[in-house]
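What follows is subunit A paired twice: with subunit B in the first complex and subunit C in the second.
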Partner chain A sequence: MKMSLTSAALALGTLALGCGGRPDVWSRPASANAYGLSNAVVLHDVNAQRVVALTASGDGALSASSFGTGTDVVATAVDSAGARLFLLSAGHRAMLGDTQKNEAPALMVVDGSAAAATTRTIDLGGVLSDPLDGLALDPTGRWAVLYASGVHGGAFVTNPNELVVVDLTAADGAPVSVSLHSFGGRPEKLVFAPELSLPGGKTHLLIVESEQDLSLLELDHPDRAEITVRLADAAAATTPQPAEIVVDDGDPARTDDARIGLRFVNDTSVMTLQLEPSSGANGYTPTPNVTDVGGVPSAIAFVRTDGGLRLAALVPGHDSAVLVDPATTLTTTVALPADYRSISLVTPSDAASTTSSADTALLWNGDAGQAGVAFWELGQAAGRPFRSLETVAITERVTSVLDVAKTNTTSKVLSTGAAGVFYVLDLAQRTATPLLTAATNVSLVVSPTGTRVWTFAPGQSDLATTDIATKHVRTLHLDAAVTGVFEIGNGGGGRTLVALHALGGLGATTLDATNPDEDHRKIFGALLTEGTP
Partner chain B sequence: MTFIETTKRVALGLALLAAGPAAAADNLAPAIEQVGGEPAPGSGRFEVTVGVRTSLFKGAGFDPFSSSDAFSQTSARASWAVLQRARWATAVGALFEWGDASADARGAQAQLSLTRFGVLLEERLALGPHARVVGRLAPAWLTGRATLDDPSLPVALGRSFSTIAVDASAGVEARLNAPGSTVGVWAVGEGGYGWAPTQTMTFTPQLAVADRDKAGATTLPDFAPRGGFFRLGLALTY
Partner chain C sequence: MTKPTAMERAGIAGALVLVLSCAASSENSPAGSTGFGGTFGSGNGSADQPSFGGTTGAGGATASSGGSVGSGGAPLPPEQEVESTYEVPVATGHFVWTANATSGRIAYVDATALTVRTVEAGDGPGAMAVVPGTADAVVVLNTLSNDATYLQASGTTLTSRTFSDVAPGSNVWAVSPDGRFAIAWTDARQIANAPSTQGFHEVTIIDLKAAATDAGTKTLAVGYRPASFAFSADSKKAYAVTEDGVSVLSLATEAVVSTVALGADGVTTDVEDTRDVSITPDGRLAVVRRDGSADVRVVDLDAGTHTTLTLSGPVTDVDVSNDGARGVAVARDTGDVAVFTLAGTAPTTATHVAAPTGTIVGQVSLTGSGTTAVLYSNAVASERIVVLTLGAGAPALHIVKLHAAVLSAFPTPDGKFAVVLHPADAPPNAQPTAGAADGGAADAGVVAAAPLPAAVAFSLAPLDGTQPPRIEMADGPIRAVAVSPMSDAALVTVRDDAKAIYGTYLGVFPSLEVKHAPLSSPPIATGVVGGAKRGYVAQQHPDGRITFISLDSGDARTLTGYELGARVVDWSQP
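Right after this comes the complex of A and B.
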């Protein structure tokens, strides 16, 4: 009889278990990609097919808003203003018996610039039958370009030269499909040029880089045929592969001196393309000039010197920089104190507003010890190049240079990777303040206001804020290991620091970013458990 | 403990109980005179039942705590027939049920425990010496404790509630031993519906008073502790 009872219990238990369960999403990991927007931290909860926007009130309380995304998000990007997150979804093709409806590819925009996050979705079904998996955003925030990156395998047959241009100022996005004329290449990189003064007027060019050519597409008129520039003769056995593209508008009053500069992989040449007036439909045509700089350059930049516009190329193998006159292709070699591999323009903003002013460049990423960084005064580069360089003694190799916005634009934050130190560089005083870290491999986050730099070591619960102006450091100890840090505007008009703890579940600690104090921190847990659909 | 393990333990325990004290109850006098006939031996006034109750919570509020809709509790009750006739008996008693469920909920361990303490109003109808049907109404006090243990937090999140509840059920009891024995051993099976008000599930960290302002709340879907249920158990009567 006991067996009968057990059997009955088993049967009823099975019946009970078969009476329904919870959605699968509850059992999926709480892993999310986090993005910092102006006033929100947006968590892309891939496993729940949604985004969660965390906004803060003046007292540090977090509010979460959940928005469903399209199926199969294949690309995400944040605009350069840090206001919007874009998610490109491939959609879904329903098969017979499929419980999920057919869904067209779509571009979802999460706007985190206001106190409450909002979303809108641009339907791409009208121009995309097969989904594209690449997403590039114009720095001005007006256009988004979709392309086949090939990362996600793509469709059964894909035309890699097909792009979709989305005008983000149009209510429906007005997506336009463009198929580039190809000589056999496929796009590898998309570069948005700044606004250029061309014969046809102010123009925004999209430069599409393939392994053997460049295509110039006018985003203002995507219906116009693009101009394709072949990077080698048709008879050439090999084609140089572009490694870096830089653009300069030249004199804003002129419409014939905009230029594109290129360096190539394992090639000692640099190329400039001057966009000159022509009678064609586009009103301009690129005229190439190629110059050998004596070694394989590691970085290039258009710079304004006392001799005029030059294309500067760093040639680390020769401890030198080469200034190329794009008009004549004449070169000037400047010996450098170290083999710097990277260059950033740090010209003060008031000087940049006048065309006659020369640039100041920061050289960094030197390979040798004591390389530090060097200021390159390009106002003396043509006449007295040997006196144009001033080094700042930094004993570690600088691996990245972080820009500082708004209140402290004359500063840069220099990261040294795993060296246990970072520097706040004062461009005006030419000083570099070292800030030592107990941990190596720290992450540095410059506040959007430019007031401070946040330092944390992923996996540790310590956090520090350094005032960029005064260099005052305040160390904070949180309750859990920090995996990400974002500073956002809060509903009270102040600033809130959101430190994420992705440690199985997902939690967060908020602090007053302006005057952080552990006593006034707030902790939040199970952020992705909350609101699970 | 799984549902089947609990059932087996209950069955074993009751079988041992039934074997021992059978004779001790032989001389008990009925507290209230019988009306309209003699009830069968062993279907006496007093009944103790131990078993398993499985409730089906269909709402989204239960999803964090279990991968299925089933919530199992250990169930114990005792009842006393205050009015006993040839086939009918009216009984009152007490009910105590407890159990918990837990599951992973997006990286956090969610646990829910429910305890029910109630009174029983019971009507029994004997179908014969080996079987009877029973109807029960059980107003109860339901207390719940839910926790959310997120590894990203130094402390767990918790939520407690207490509320009224009421069950209505009907079932069948089948006698397992000989009808002539003073102590009856019965297999019990019943089903019904349990109702309790919906509870908001706002979790707060379990912190000292001084630290409570440092923590925010986490809100999960409202939990409605109501739905159909069934019980399986073993009963002793004498």
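Right after this comes the complex of A and C.
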């Protein structure tokens, strides 16, 4: 989780003292972006070109470690495990008479998975003369891919189809520059496919989406030429623009049935690409299939039914979902009780041990006032292409579904945006417990352990923790407005809540996350001004 | 046989394909006939032999004699053959080829790997034909640019050559057995309301193996409105069956060398009925049948002479074996089945056998091997087919009883099985329609072809009679049948636009197992790619759609948007 903090109080103070021979950084407002890692809260102090890693002891005391970053950090990202923070810096080109040393682009990794934060830096000077400003991380944690996002402006000449693949398992990152073949498009989105069983073995694909084609690059062999799937040719009047990409490995025992599914903006067709054996160096080739689903779909997902794999497409405006058999392109329309726009798979993890191999999907983001969420069991019953469709009557429109990890994986937290209520959804019992909030526009943070959800309203000093299992709520009153909440592991093996405040040079309050007690809170100030805590 | 079958029109190698037209074919109906029937009523025959077509008028031929089941004096409607109404994809040994007239591209699908590639053809590619030989090759007519493109695939490599100056309006191909010559010609029957002053005489001979410096094309004029083409076995001559007779073309000199009349008196001015002319594969003999005539005329195309075989009644169908060794003619009204040899010379005699009692045989379909023929009639609701065995001894007949009326039958090439199509059950109290369709008096003696009822069921019938046929109700009207060249399977394709029901049934021989594969869009063509052991069903879809059916497992695999598939670029490939 990233939060941006600026201390107005500190700014005033530093402005008053902002003269003399100190570096300019001390004359700028203290500001930082905050990131929660497994065992640390990392503050990225942009102006000071450093990160400050806060770790907690068993009693909630914070320790700070400061690490310098490269010059001109253009992109940051936290890996999916929440263990590492990545900072991509553009570096600096020293000119004649420049007091600042020449510095190559670099990728800095802050590892917050251990009791003490550590860092490493991967020098990209060997592959980049000018920095790329986009950073994408493979969910498996093995690769980082740098690309030209265009947000920070480009170099004198930029090849937008150039990617740099960094192998994070290699000591030096083994960065490899890849220039994708292009028919005029430029990358707009990068999608990391899960590990796929392809004819050439287990493969990790990077799917690069441009406005007119897809490129499939093997991360395991970035030096191997990619495969391009043109979505339209020069004669086409319109070019379908990808809106969502989903991937399925198919039968793990087979190497010819992995598939990529796509839906498009303002297009009623969905496409599947089956990755089949080929004599090329890649060993596979995508075979496209398109199927009209009767309306512009709002979401797609690969699902398993009693009849095999299907691509499910939600079609707003028709109160229906369409199941597409990717092998035959046959479609089956399923009437839904509401106009759901989003779908999440919530198949129990022990589904493999049950008699049915069919998935269960959660449908949400339906029409206001009627939709709630629905459980869609994709087995087959007599006369209909699903086993059951059960609605949980939530009157508010669900705007996001938060996953719950580890201890309560059979639960989801449903956010309703500014509605002043959120729900804890029990997937097993098919119940939804409403939790009302006095404030609207609250932020929800699910603890990494999955045991609780933290609720706060940015700018207010109230904080609440809700036990996901028991739905017991405990409200806490802190001494300052909360701008960010992070739950991290502490040095005593327990859990510590770190609530950040945008005052006093950035401050924090720590609480025992498992048994929060205001009486035992610890307050820290001036986190960015050295000396504290 | 060289009669223009649906298979030849489609150019589908090794597969027997028939696409059933919605409307009745009037191929064998008398010219100028009027009135329509159209009920399954009991007609004038027995109640269990209702007429498919109904009758008009009175008098005329009867269907009673020679051991056949009669109808008591009322004339039966003509036999109706069913033929293709679609331009279809074609299949070579390993690929299915299909033209997109709009995009100007030819997509060719590897039926084993199911990979799709496309190639630019000329302007408005349309009719396509397989070029015989060891390679996967086709020739396609580009109707807007009046040229032709020859394409040959080998693995992932494709070679092509364009031949210009093809006669404008050409819409059909004929290709010589050796794959060297292709003839583009115009089938007038595919042109609506063509005035009689349009003769469609022009045909273009293309030498597909011509040197690069040679244009390779030569346009000639043949007789009035050619109806079919045939080639001599050595590919040195081509024969155009026209309304003026058979135009004989020398492919070596690219010239018309003679025109042989087919009329009864041998005079070219005789009014020719060219709609049932079969030419033996060696190009030597033409076998001619005319509606209402008891004669089968065999014309020696080299000598210009002819012999006549006379049956005991009007000949309703004649067929010639693929090897050209023999022919079979049937006279439905008298139940006369005539078997004659065609070994290089025009026959003067035939062996006659009588259709078994209780059967009516108006059509004959010889199997590929030429040793078995299936005889049946779709002019009456007969639940029987008659199998004619042509061994070394005397021809033998036996009955295969089915469980529904017969519309048509498609024997496997080995002659061991047949796919038989059936209509829905007859309405219980249906009556025959009498009088002309316009309500006026019917023309005496005229029996018109009525629209055939749709086939809604099919049987897989062992022809040796050792195993009862299996009947299967389809979920919609049957539109096409394709029989595997290996004789081990058949595809029966269903299309019901009103109910949006589309699918194909895989029938497996000898187990008679039937598997159903629904389709997601209307089928337009069905075939079998023998080299891949897969059947295919091409379907209507703006991006192109084809479903492949494994003949072993029945598993279906659909490719949609195969022009999209051709836009996949593997940069690792050279």
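Please note the rule applied: the second predicted complex is superposed on the first by the 495 of 533 C-alpha atoms of A that agree within 3 Å, B and C clash if a C-alpha of one lies under 4 Å from a C-alpha of the other, contacts with A are read in each partner's own complex, and residues count from 1 in each chain.
Criterion: a contact is a pair of C-beta atoms (placed from the backbone, for glycine too) under 8 Å apart; a residue touches a chain by one contact, two chains touch by 3 or more.
In this text, all values refer to a predicted model and were calculated from it rather than measured experimentally.
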{"item": "First (subunit B), second (subunit C), both or neither touched by A:37", "value": "neither"}
{"item": "First, second, both or neither for A:507, with subunit B first and subunit C second", "value": "first"}
{"item": "First, second, both or neither for A:328, with subunit B first and subunit C second", "value": "second"}
{"item": "Which superposed partner A:224 touches (first subunit B, second subunit C, both, neither)", "value": "second"}
{"item": "Residue contacts with subunit A in the superposition, subunit B compared against subunit C", "value": "B"}
{"item": "Partner chain in contact with A:525 - subunit B first, subunit C second, else both or neither", "value": "first"}
{"item": "Subunit A-facing residues of subunit B, complex", "value": "3-4, 7-8, 11, 15, 52, 54, 56, 58, 60, 62-64, 66-70, 103-108, 110, 148, 150-154, 157, 176, 187, 189, 203, 205, 213-216, 218-220, 230, 232, 234"}
{"item": "In the complex, subunit A residues that touch subunit B", "value": "1-2, 5-6, 8-10, 12-13, 16-17, 19-23, 25-31, 47-48, 61-62, 479-480, 501-507, 520-530, 532"}
{"item": "Subunit A-facing residues of subunit C, complex", "value": "103, 113-116, 156, 517-520, 543, 545, 547, 555-561, 564-565, 567-573"}
{"item": "Complex contacts: residues of subunit A adjacent to subunit C", "value": "181, 224-233, 235, 271, 276-282, 285-291, 327-331"}
